[in-house]
Every structure is written in C-alpha cells, then in structure tokens.
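In what comes next, subunit A is part of two complexes: it sits with subunit B in the first one and with subunit C in the second one.
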Partner chain A sequence: MNNSSVHAPNSYLRHLGSSIGALLLNIAMLAFSITCIFPIVWIMYSSLKTKDEFMLDIMSLPGSLNFDNYYTAFVEGEMHVYFANSIFNSVVTVLIVIFLSFCVGYALSRYQFRGRNVIYTLFLAGMMIPVYSLLVPLFIQFKTLNLTDKMGTLILPYVAIRLPLAIFLFESFVRTIPRELDEAAYIDGAHTFFTMWRIIFPLCKPVTSTVLILAFLDTWNEFPFALVLITQRSLRTLPVGLTDFYGQFTAEYTTLMAALVLSMLPVMIVYLAFRKQIIQGMTAGAVKG
Partner chain B sequence: MQPNNAASIKPRKAVLAALLLPGVAIYVFITIIPLFTAFGYSLTNWAIGPNRDFIGFDNYVRLMGDSVFWQAFRNNLVIVAGNLIVQMGIAFLLTVLFMSRAMRGKEFHRTVIFLPVVLSAVVVGFIWQMVYSNNFGMLNAVLRSLNMDSLIRLWLDDPKQVIYSVTLPLIWQYLGVPLMIFMSAVQGISKEVYEVCEIDGATGVKKAIYITFPLIYSSMKVAVMLSISSNMLVFSHILVLTGGGPGTSSMVLALYSYSTSFTRMQLGYGSAIAIGVFILSFGLVLIFKKLAEVGQSE
Partner chain C sequence: MKNKFLRIISLCLCAMLATAAFAACQSQSSDTAAPAQPAAPAADAPAADVPQSAGDAMTLNVMTLWARDNSENIPTALRARIAQFQEENPHVTVVEEGIGDQTAYYTRLTTLAAGNDLPDVFVSRGSELSMFAQAGVVAPLDDILNSRPAWRDGFVDGAFGDLTSNGSIYAIPYSMLSTHVIYYNSSLLSEAGFDSFPQTWPEFMDMIAKLNANGVTPIALGNREQWVANSCVLSTLGDRFTGSDWFRSIISGDGAQWTDPEFVSALAALQEMSNAGAFNSDMNSIDNDQQKTLFYNGSAAMFMEGSWAIGAVVDDAPADILAATKVAVLPAVNGGKGNPRSMSGGSGSGLAVGIGALQDDAKMAVIAEFLEFVLGEGYSMEIAAKGEPTAFSVTGYDKSNVSELAALYAEMASSLAFSPIYDSFLNPAVNGVINEGLQELLINVITPQDLAERIQAESNRN
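Moving on, here comes the complex of A and B:
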C-alpha cells in the first residue's frame, strides 16, 4: 500500500518526462525536415510572384497566383524546346535500356557459354568508370564519326551508361525464376525469343519498373554528356537549357524560378508516385555500384 | 546452379549473339574504347587544330607541377571531408532517431529528406545559387529577419568562404543516400537485440554507440566509399554555382579537366587531367578500403 503510493507519482512523472521528450523529438525532427525542404518550397511559391513583388519582399507568399513567369519561361525562354528534347531522350533511352538489358540479362542468367565471365566483368567494371574521364575521348570520337548534334546523339551514351545496373538487376531477377518454365516452353516447341519475351519478361514486372524509373530519372537529369555532345540549341535538353536560360534571364529571378520548377516537376511527380521503389532501387543501385 | 541444368537448353550461336551483341557493342563503343583513347590522347600535345604530336609523359610531368590541379584536388578533399563528417554524422543521428518508437510521421520525414536526391545537379546548383544570392537570396533574408546580420556573408563571392558554401548543397542533396543505406542496415538488426539491451539497462546513447554503430559498420563503409568516389568527381553543381570561381578558389578536379579541354581546347592536357582525376579518386577509395579492413581486423 505504502509502496504503491510512493511509486504512482514517480511513474507518472517518468511517463510525463518521456512524453515531453517525445514531443521535443518530434518538434526537432519536424523543424529539420522543414528546413531541408524549404529551399524548394521557397522557389515554388516565389515563382508565382511578380518580379516587383519578389524584389519588395523576398520571403513573403505571393499575394495572388500569377502564372506569367511560367508563360515567359515556357514560350519566350524556349523551355518547351528543351522540355520536348528531354522527354524524347528519356523515353527512347528507357525503352532501349529495358530491351537491351533484358536481352543481355536473360542470356547471362540462363546460358553458360564461353566469354560469359568476360562480359560479366566488363559490365561490372563499367560501373566504376567515371563519366568525366570519358568526356574528351567521346567528344572526339563522336566528332570524327560525325555523330554530334543529331537527334539521337545522346541516346547512345545514355543507354550505355544505364546498361550495367539494369543488366545486373534483370540478371539476378531472372535467376530467381524457375528454369523449368523455359524448359517446358522449349519442349512445347517455343522459340527462345518467344519464351523470353512472352513468358519470362512479364514475370519480371517489379524489376522492369525499377529499371524504368531509375533510367528515366538519370536520363532526365543528365548534364555532362548533353553539355559536350550537343551544341545546337534546338537539340538541348533541360539541364543544359537551364544554364542557357540563366544567361538570358540573369536578373529575372522569378522567371528563373518558374523555369526551375518546370524542370523539377516531372521528376517530383514520378518521385512522389513511386517513392518506395525509387528509394529502394537507388539504395540498391548505390550499394551495388 | 547445376551444370546439367545449364546445359539442358543449348542456345544456338545465332540466338546468343542476337541477345548479347547489340548491348555489348554499344557499351564497348561508349565506355571501353574511349577509356583507352583517353590515355592515348593524354600522351599528345593536341590543342585545337589538326596538330597532334606524341610527347610521351610530358603532360603528366606538367600535371605534377600544376598548382591549379593540386588546388582543385585540395578542394575536392575539403568537399569529401565535409560530406563524410557532416552528412554521415547527420545521417547516423537521424538513423538513431528514426528507430525511436516515439517518432511520428517517419514516412513523411523519409520522403522529404530523400526528395533532393532525385533532382538534377543543375537544378540543385541553381536553387542554391538563389539561396546564396547576396541581395535577393533566401539565406541572407532569413538571417536578416532573425537579426543575425553579423552572419551574412558573400557566400559565393568570398574566396575564403566559397568552398564551404559549395559543399553544403552536396551535403543537402545526398543526405538521403547514407540515411537509406543505414536504415536498411538497421532494419536487419533484430528487435530482440535491442530489447535484451533495454532490459540490461542500456540507454538511447549507449544503444546507439554500442549496438547500432557496430552493426551498421559494414554498410557505413559502403556509404563512405560511395561518398568519396562521387564527391571526388563532383562537377555540375560547381559549374552552375561558381564555375570554379572566384578565380580558381572553388575549382574541382572534374571541372578543371572539363574547362581545360573544352574552354581552353587543350584536348591532350585535358585528357591527362581526366586520367589523373581517375587515378586520384580510385586511389583514395582503395586507401580507404585498406584502412577500413585494418580497422575491422583489430
């Protein structure tokens, strides 16, 4: 009796202490996350202000929603050209990467053949080659073969750079699919291509979507190759276009912000829709690389 | 994998070639061939124009005495150190906090912290240029409104300040990567381990130091190596933020190789720098790997 009356306030206090601790922890964590995201939020709402409104008060929220900056950026700043080029490059790259990496990944996981280890090591080594040491020789190689400044110029390097990770993802996934499936199809007289595309490929859906998303994000954001291999304005992609745009609209902060939002938006939408897969895929890719 | 299984379906050579050749060909054309030609070019004095003479290792001798190259190397080291200390430190702290049962909205925090990872380096460079802008920047505006005018700096124009200013965006953008690597390692630790320790009276800090840290040590190594190799090659952020300036005070290796090759059109010397960057960054990763192995065996 005596014992419990001493204990009760004590455990009550301890409980109160831990819940205050929990509250502080959550407040601190929230403050941290908001600080992290704030630069992006600031760019987003400032892009809806007029230039004068922004100059008057840098931090204030827009008085009214004003989409003029977006019009200027998209039409006068020619962002629509860069936008279209980025979409073209990303879509074509993603399709080719999925096609080729599934072919190679399937062959590597299903067949034993001479040179298999050589090919395996080749792709593995490629994940460690820094892009920057390839810029000069690749530029010269493309220049000599007259491959620069074409509609599909960037597709080749983009596909090649994304291949290794995609191949390893497919290879390790196909390995988990029972071989008996291929054998049964073979006995029924199915051709290899039929077996791999109509039977095995549909089973690879989870890894296909990971490859798709990662290849899309990487291609959409790619900068150095686009900077070096394309000189014609009409073929530029968004990241290079942005640097161009910046030279043109240096003092027009709000227009610049609208341009930034335009180029972030597709990536952010994809991210919010597939965040689990992206976080997992990127972490796995990082650890593998 | 059983050998008899592997032999059960023997592909025809043509089928195998059709599957492998296109992918391998593109890959070799883009990454393997240029790696060798880069080395070839680095042995020439090729500048703009057709003249290209073999000069042996002269470019590499020149590189050894090139003060800008070594300044760039030092800047890369500052960036690497900043990321290792600040970014890894914050990521570890967050991992510990994320494990606390009291924390709410983990999904929200995770989504927010990882978001910048998916943005392009160029966009991040521009965002931070606006944050740092002297007159219309967010950072100075916030400092002013908090009455901390003494902290206001010329973030990107002060040669002494600039290298730290360009490190922060990198820490910010990629914080999500080590965090996610640590988190997936922590999820591998069984809850029982912690429960047993709680019964034994281990507090939060003790749990972090004596259980979490040792158990995620190996994935921490992965995160550190990843951070070193990517920060040794940082390029787009710096190009957008400062272009290596003012002067060469925020020059980094990859940017120096790029501007030598494409702005000053010294393709031979630029190639030598690219190879030098490759060797230095690879060397650093190898050294770290050795150190980590020694650390573990003790």
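Moving on, here comes the complex of A and C:
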C-alpha cells in the first residue's frame, strides 16, 4: 500500500510530464506547419485583392472578392496555352517514364546478364549530373539536330532526366517481390510480358505513385530547359509563361498571384490524390534496396 | 527465351525513338535551307532603297526583355514602332520573342551566345555585351552608325558609353535612364520644417534627424536583391566624394584604388546615414517594390530608385501621396571632388545584333533600316511625350500627356550631368563583393575601411 501511494504520484507526474512534452512538441510542429501553409494561404487571398490594395498593405485581407486577376491571367495573359503545354509535357513524360523505368527496373532486378551492373551504374550516374551543366551542350545538340522548338522537344530531355531515379526506385521495389511469384506464373503458362504487366506491375502500386508524383512535380516545375529549348510562345510551358507577369523593374503581383494559384492547383491535386502511397513507395523501395 | 523477348522489345523502342528523331529533322530541314541564297549586294547602296528591293522574304528574329503585355512606356512605344516597321516592310517578317524575367532572359541569352545562335536583334545590357564582343558573337555597329551620320549625331552625349567595348559600339540605346532619383514626400518634409530639399550634407543629416523625431522613416530602402544600395545609392554618393575621373581610373586600372580615402569616406557617409536611422531597419529583407509600399502608405518620407520608378509612382501611389511627391538628388558633400549636380545614369541597355547577320548583306541592310526606324526620332518623340528620358535628343514633342512627376524629373534631369552607374561597368565578381558588403555595412557589421579593402582584394584578383 505504501508502495503504491508512492508510485501513484510518480506515474501521474510522468504522465503529466509526457503530456506536457507532447503538447510542446505539438505546438512546435503546429508552428512549423503554419510557416509552410501560410505562404499558400497568403497567395490565395492576395490573388483576390486589387493591385492598389496589395501595394498599400501586402498582408491585409482583401476588401472584397474580385476575380479579375484570374480573368487577366488566364485569358488575357494566355495562361491557358501554357497550361495546356505543361499538361501535355507532364502527362506524356510521366507515362513514358513509368513505362520505361518499370521495364528497365524489372529487367535489371530479375535477370543477371553480362553488363547488368554497368547499365545499372550508368543509369545511377545520371542522377549525379547537375541539370544546369547540361544546358549549353544540350542546346547545341538540339540545335544541330534541328530538334528545338517542336511540340515534343521537351519530352526527350525530361524523360532522360527523370529516368535514373525512377529506375532506381522500380528496381529496388521489384527486388522485394518474391521471385516465386514469377515462377508460379511461369508454371501456370504466363509469358514474360503477362507476368510483368499483369502480375508484378499491379504490386508496384506504391512505387508507381511515388514515381508519378516525383516525375510530375519535376516536369511541371521544370524551368531551364523549357526556357532554352523553346522559342515559340505557343509552345511555352507554365513556369516560363509566368515570367510574363514580371516587368523589367516591377511586377504585377496580384495577377502573378492568380497565375500562381492556377499553376499550383494541378500539383496539389496530384499530390493529394497520391499522398498516401508516396511515403510508402519511397521507404519500401529504399530500405530493402 | 525471356532474354530474347526483352532484347526485341528494347530494340523496337530504340528504333521508335530513332525514327521519331529523324522525322523531326526532316520536317525542319526544309525551312532552314531558305536563307541560303545570297541576295543583291546592298552593302554600299543607300539604305533607304533596300526595302524596295523586296521580293525575297526575310525573317527578322527579335528578342526582348519585356513581357508581352508589359505596359511600361518604353516597351509599349518600341513595340508600336516594330509593328509599324512590319507594316511598311511586308517582305520582312519580324518575329518577336519576349521574356519578362531578367534573370531568365540573360540565362537564355548567354546560352544562345554559347551556341553562337544569338537572334538577329536583341536587347542586352553593357556588361553582357562586352563579354559577347570578346567571344565574337555580336556584330559591331560602327559601320551602320557611320553610314547614317544624322541619326548617329542625334544621340545625346555619352549615350553609347555603356555599350562600347574596345572602341566599337555594339548596341543602340533605347533610353537614357538615371539610377538615382530621390522621390520625396514634400508634405512630410515640410512637417519636419523643410520646405525645399536640403542642398548641403549637414542640412540633409539634420532633416533625417527631424524626420525620425516626427516618427517617420526618413528613407525607405529595400535592398534584399542587393543592387538597390549599389546602383541607386552608392553610385551617386560615391561620385559625390570621388568624382567620375576616379571611377574611370578604377575601370581602366590606372592608379585609383578602392581604398582611396575619398571612396572610404563615401562608404563611411552611407554607414553614418544608416546609424542615424535614415533607413528602415528591415532594409535587407524587403525589395525595391516594397520600399515603394512604405512610401505609398506614408510611413516613409523618401525612397531612392531610378527614373524607371516614375511610372510606378504615378500608377500606384494614392492621389494625396502622388500630389506631394517631388524629386531630388543627393546634396553636395563636404570636400567632395564630384560634381554635386549629377546623378548616376546612362543608357545601360540597347538593341544589339547577332554576328550571324553579318554574313548576309541583305539582312544586315534590313537590320540597319530596322534599327534606325525603331530607335530613331519617331520613337524618341513618342517616349519623350510620355515623360521618359530619351537617348536620342528630340524637341517639340507633345507635352500634354506628361505626368507632373515626369515633368518635374525632366526639368531636374536637364540641369544635371550623368555619372557612371557602378554596377554596369564593374565585373560581376567585384559587383558581388560590393553588393554583399553594402548589406553588411548598412547593419554595421563591417567598417568602411575593411569593406574598401575587401573590394580592392577582389578587384586585384580579377
């Protein structure tokens, strides 16, 4: 009895201590998330302000909701053209990247052949090249081959740059799937193509969403190649198109905000749709790789 | 067997990619072959006749630093002239590519230069031009100018200064801008007891103290992007102390040192201003748009920026602030060697021509015609009527639409001389050291002497 009466306040204190700790931790995390979320919220409500309102006080809430900025950005600023180009580039790139990297990743993890390690290392080495160092050589190459300024110009470099990481993720993920599954399928009469796409690929859902989100994000935001390889306005992508809202010395902030909101939306939608799988895919691949 | 299957698939994919690439090449090659035919030798023919020798269609690629719906005066007027040129010369197709963001624009321009694929005509500032001239990717324009003496002589003194490299002119300026104008709120100044802008340094410092006592930020400074303190403040303040000859000597490398006492006193004066509370305390975390915000909402009495800010103030400032806004330049300093009636300025940028055009005489003739048409008297009249300072001197333009502020500026500018803009002459590394150093100087973590030594060290290295 004596024992327990001593014990009780102790555990009570410990409980209190840990809940205070949890509270502090939560407050810290909350403050941290606010610093991440606030800029987005700020962009959203600033896009509804008039230019004068914005210039006089950059923090205040809009006096009335006005959607003129959106009209200016989307219709007069021809954002819809850039939007369509970005969607085209991103979707095609993502599809090709998923297709190619799954094929390569599957082959590299399931087959041992001469040169396998060389191929794998070459792909991984691609991850280490900084994009900016490729800018000038690639531009000269594209110019000589007459590949600049076409509908599909950007797809080629985009796919090439996204592939290494995607192959790495697929390779390490496929390796965690028991080989017995392939063998069982083989015994049941499935050919390689069927095993790959009907049996293994559906199991790769987490890593597919990771690759999808990463490739989509990177392609959607890509700036230097889109800037250098494309000249025609009608082929420009969003990030380059957004520079239309900058002046030489001034910026049309409110219109820019509206344009930014529009350009953020697809990314947020894709992220929210696949967010559960992204972390799972990353860890599942990486830890056991 | 599985291996074979994979091999076939990968072969197929490679083949597909290869055909796609080839198909793209084929479709393009037809339209690039066109400009190969040598046109009539037009080099010594009077330029005005050239457009008449029409027939062979020509494309003129023009790259500009302005977003498509940029409403600033210069791009608007320039584009109107380009459109008119297009109309009068139907055989020439002018294709304009505009990129609004400066950093992006110069990234693209330097990449194009590396591939020796600069457009026929493009906007460029002096510091890039001298680099391009060294690499031999831009065409010197002396011949074009010398064959049109009336046009050449119409430009104001020093208009080509920033655009000359090794004695050759590489671009034609489209404006003459000042990087240092003090925009001040005259009603806040008179509340502090100053009915006109101070003409001496002690009076100026006294005004700063009185404005502070009134609870007003004397000068709004947004130096986050670092060029404001250098370009808009130090270029003029330094010149007040050292005189322009000192800076020319720095550039040509004959004698002057950054550690000379005159320049150190200029840095000391800037630090003294900062210590006296002349600037808002968050000067290193806001930008030049936000410094105007402080001025617009009446919490700051002054801000220093170039003549380009006139349009922004006229458009964005509330009516009462706009009505009270006047312009001035820094007063004379005690013992200064510089001309106190000067402000840092110049043409800064201009239209340059890619070297590729030189191989085609007909094209060069059209480009010459284009440059004179676009940047000649008509254009200058137009922007002068909007209150912009011009590089080509014009008189008798329509003054009715000039805003009051622009008229005030024009009146002041006509009585002032131009002194060099530091950052348009210095190499990027030295500029970087000055820019960073000024941020530190303003918050008192470095002494003027130490900063001067640091700049000199970087300068020696180059």
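Worth pointing out:
Keep in mind that, in the parts below, the second predicted complex is superposed on the first by the 219 of 289 C-alpha atoms of A that agree within 3 Å, B and C clash if a C-alpha of one lies under 4 Å from a C-alpha of the other, contacts with A are read in each partner's own complex, and residues count from 1 in each chain.
Here, a contact is a pair of C-beta atoms (placed from the backbone, for glycine too) under 8 Å apart; a residue touches a chain by one contact, two chains touch by 3 or more.
This is a predicted model, so every value here is computed, not measured.
Of the two partner chains placed by the overlay, only subunit B lies in contact with A:37; subunit C stays clear of it.
In the superposition on chain A, A:122 makes contact with subunit B only, while subunit C stays out of contact range.
Contacts of A:163 after superposition on the shared chain: subunit B is touched, whereas subunit C is not. Of the two partner chains placed around the shared chain by superposition, subunit B is the only one that A:260 touches, whereas subunit C remains out of contact.
In the superposition on chain A, contact of A:107 is made with both subunit B and subunit C. By the touch criterion defined above, A:179 reaches subunit B but does not reach subunit C.
Of the two partner chains placed around the shared chain by superposition, neither subunit B nor subunit C is touched by A:65. By the touch criterion stated above, A:56 is placed in contact with subunit C alone, subunit B being left untouched. Once the two structures are overlaid, the count of subunit A residues touched is higher for B than for its counterpart among subunit B and subunit C.
Look at A:152: by the touch rule set out above, it reaches subunit C but stays clear of subunit B.
Counting contacts as defined above, subunit A residues 55, 58, 100, 103, 107, 111, 113, 135-136, 139-140, 192-193, 223-224, 228, 240, 243, 246, 253 meet subunit B in one complex and subunit C in the other. Those residues of subunit A lying in contact with subunit C across their complex are 51-52, 55-58, 76-78, 100, 103, 107, 111, 113, 135-136, 139-140, 143, 145-147, 150, 152, 191-193, 223-224, 227-228, 231, 233, 240, 243-251, 253. Across the complex, subunit B is touched by residues 18, 21-22, 25-26, 29-30, 32-33, 36-40, 42-43, 54-55, 58-59, 100-101, 103-104, 106-107, 110-113, 119, 122-123, 126, 128-141, 156-157, 159-161, 163-164, 167, 179, 182-183, 186, 192-193, 217, 220-224, 228, 238-240, 242-243, 246, 253, 256-257, 260, 263-264, 267-268, 270-272, 275, 278-279, 282-283, 286-287, 289 of subunit A.
Residues 3, 5-9, 11-12, 15-16, 18-20, 22-24, 26-35, 37-38, 41, 94, 97, 100, 102-105, 108-123, 126-128, 130-131, 133, 136-138, 141-142, 145, 172, 175-177, 180-181, 184, 219, 222, 226, 229, 233, 235-236, 239-240, 254, 257-258, 261-262, 267, 270-271, 274-275, 277-278, 281-282 of subunit B are the ones that touch subunit A when the two sit in their complex.
Taken in their complex, subunit C has these residues touching subunit A: 2-3, 5-6, 9-10, 13, 20-21, 24-25, 28-29, 32, 65-70, 72, 75, 97-102, 104, 107-108, 111-112, 114-115, 117, 288-290, 292-293, 296-297, 306, 308-309, 312, 316, 318.
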